[in-house]
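One chain, subunit A, links the two complexes that follow: it is found with subunit B in the first and with subunit C in the second.
Take a look at the complex of A and B:
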């Protein structure tokens, strides 16, 4: 259809824009650098005498990291409410390997990613055929199923008593050291997911979210990439779980509840699903916000809940949608 | 040997026989249309040929190889690529991004190469960008290539859907109602576009409602009614076919008052 005679006004306004897949754009690189300066340079100095707040930030950083995984699965159009289960799998992997077999943490960490990723692939293969609320409900029950599995794991998991005295990683023994470790982990995770989102893989994921049948018609093996996205998501959860196991030096079946899985998803929603940075902003705002409301004692949870509802009503596209012009310029969708 | 052979294809949905023992062949380089009144089973037949639905019985051969029962992406890899009715495109992407993504089958780099932006992956993307721009230009979409697809008018979307399919380098292109909802002028352009595709050596199989466009464009026509093949031949033969006239006149009776 030669319809050159009908150029839309928008076409003339926007002009040529490059489609870029390789590397990450200059905008994203600058963003990561700025974040690195704040996380690793400014915050540790500013909070040097306050280990409590360092711990809060450590929590926020690793919770963001785990939520990045949930963001990846959002990218293919699935809502994962099982991320707590995969953090638990990673946590137990590290706890069991390090307490029973003396495996050093730096070996446990990647193994936790692998174990969570593998379990994710096995479970994901059948359930990823489900969409929308059906997939979400199955993952929700998965959190509970995995908790029960660890609770009844006999000698391997030590039941409700969990595994305690998980050794700390060599060289990391102060709140500051843990914080720096968490910050570096988050930056690496962010770099990886940004790269994923701007690479062709991210575009394949996006094409699947927008229309799986159309994606299949151009030769994309939809079920293969669905499992790939899900096991990446779970591996990130496993790494986070491994971190928390050595950070708290223990893990119990009660360490991750359905509520935690829901939180990981909430961070993504609240930060903004359109932005790779969404889960990070969501997690930091919610975790720090909860601590700041601590002054209010018994009203803490009430006000926290009200604020969360207000946030969703006022900013349905997430906190990051406040950023002027971001939606079209810097969001990962455009690969800018 | 025919490029595409449909042999005894049957598709049931519960008690309903949507496609009933249909056979025909498509020769390389021709434009073959499948027509029929509403509910004749055209869409079901189309989906079974493209392997988006498995047949209940019978088979589809492409270049002598069975493709029915394979997953859709494998059929696309072999060179049988379908389009969709209406305006199925990746709506949140620009026209160019739509077609660049659709070059998937030509990707030489592996997943890790893509992630780490290997030289091969960067070369791939450069090639895809050039080729996508070329495809869009050839279908008259060059000027809107940086427009988000959901901002494009209908006529453009249909062409974009075809551009996406073309990026997959089909040997046989299956078009699902390419002229539906178009006015006379738009249909004329679309007919030219389909002829252009055939001129590139691509065999075209289309399912269509619009009789006049089909009569002008097709080398051969297969007519379905109630799931069965009732006629096959050149447009001139189909125009004279008693069974076809009856099927269509019957349909007109039914639609009186619309």
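Take a look at the complex of A and C:
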């Protein structure tokens, strides 16, 4: 690390300029507003006669919402390859509650977040002691374990045939309605994570990524915060899973595989890990790009593999690192 | 009961090869080789084509499996990992690169070899009887070859000059540089050797259970379980992990229905990691 990147004590005390803004900061607020106008205002009108593309965008929006959770875990310096598992937990919670007990969707949705978050906290508490590749390996196994658990769930989960005919939420029955729901969900998620990233909590998370021991030594309760970050991540996954359960109206143990968990990670990387918007950019680019591939769609996994390698070789900091003005922020964060 | 023990020994010996390969790469390069299972699969297909389709000798087929997998490993190191390790700002980058190579190999294999399950005839016929248990001669061959390869690898790492350089590299990269070791060359050698072990394991196991292009992820997951139980980067630990997983699988498949075995193995592993996050033999971290 070069000398000039070390902040002076004064700079540390006054903190980065963003802290002076209450909430999420003026730049971010403008960005979010612009995104809201495009997502809720422009796109539905432009695509009103094309339900297929509305569905594609719905997919992209909820996938980016789920990836925001993975981003939070990246922010504390862990690689989570279990997000598919938590989406599955959320999806099954909604599917079981609404088909067996007739619970309305708007009650199921928060309950799915809670169940995924609770399972996340319970499992995260011991395994978050692991770092780096060790944590990645355990979470990868977790994706498999959860899939097997639902496969062997007997009467409750209905084994490999899954749960079908999950009722649609009240008031949402057209592709446009689903799209608007997804867009609002994404905007709320983005607002929440932006708020988190620019708050004191966000700085605590980043300090943990840089050096957990050092963070602990200045009085941060590291084990408490990492469980908090993980269960937040899992709750976002649970909400996404709940959405997909009613969107596709079914859920199977095969709905989420290791591949899906890896894709969530890929979206974050492709967009750029240093930016809250990274997972959103990554997911939209990949999902829409995939639709434009047409004939080549059967090579999806192969192309994702090549893209992943190319991304690491050429663009290790993601698409958003090409944005000239924002690179300095990232550097300042890394050097701080 | 005796049958379970025999099956456990067969599985353990083969799994030890997989675990040793991934441990070798991990300790030398500090890279978790996500493509390990895919290299295993490619080794299996090499034996299928050389021995099964063209009917050449099994020894030649195994050598091809080792060479092809080893060459892929060496190419990955030279072409990809070396560069990414140099330019990467975060350690996650090389991890995602490893995931990318796994996807690439798996889907490349899908197009090259098709999606059918392939098997080869047993190399040697006949069945031995040990007490109440049956041991097909072919499985005995797999065990013996695996044990011989493990012994050869351990001797190589312990007593030869490149082997010593590898161990040094695993201990401290910078100091090894200072001692005049050509770190780049040893890294390539280590990666190739680890990959070749995966290819050999695949080439051996194809005679027992066959191979298809999609088994990679399952094999990699098994490799991860083994090194987590044993302790990542420790040779003795990886062998212990292989024995633990081999016997757990043999017992589970004999007593429980299908996929419940692996569910229990996962649950058991996570519980085990709660109490001993560094594995049986690993150094404590974090």
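In the analysis below, the second predicted complex is superposed on the first by the 289 of 336 C-alpha atoms of A that agree within 3 Å, B and C clash if a C-alpha of one lies under 4 Å from a C-alpha of the other, contacts with A are read in each partner's own complex, and residues count from 1 in each chain.
Just so it is clear, contacts are C-beta pairs under 8 Å (C-beta built on N, C-alpha and C of every residue); 3 or more make two chains touch, one makes a residue touch a chain.
As the structure is a computational prediction, the values presented were derived from the model and not from experiment.
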Partner chain in contact with A:262 - subunit B first, subunit C second, else both or neither: second
Which superposed partner A:68 touches (first subunit B, second subunit C, both, neither): neither
Subunit B versus subunit C as contact partner of A:304, first or second or both or neither: second
First (subunit B), second (subunit C), both or neither touched by A:210: first
Subunit B versus subunit C as contact partner of A:109, first or second or both or neither: neither
Touched partner set for A:199, first subunit B, second subunit C, both or neither: first
First (subunit B), second (subunit C), both or neither touched by A:218: first
Where subunit A meets both subunit C and subunit B, residue numbers: none
Subunit C residues within the subunit A interface of the complex: 26, 32, 80, 83-84, 87-97, 99-104, 106-108, 110-111, 217, 221, 224-225, 227-228, 232, 259-260, 262-263, 266-267, 269-270, 273-274, 277, 285-286
Interfacial residue positions of subunit A with respect to subunit C in the complex: 74, 79, 123, 126-127, 129-134, 136-138, 140-142, 144-145, 148-149, 151-152, 212, 258, 262, 265-266, 269, 273, 299, 301-302, 304-309, 311-313, 316-317, 334
Subunit B contact footprint on subunit A (complex, rising order): 1-4, 6-8, 10-11, 14-17, 19-23, 195-196, 199-201, 203-204, 206-207, 210-211, 213-214, 216-223, 228, 333
Residue ranges of subunit B touching subunit A (in the complex, touch as defined): 50, 52, 71-73, 76-77, 81-84, 88-94, 96-97, 100-102, 104-105, 107, 111, 114-115, 117, 121-122, 124-125, 129, 132, 139-144, 146-147, 151-153, 155-156, 158-159, 164-165, 167-168, 186, 189-190, 192-193
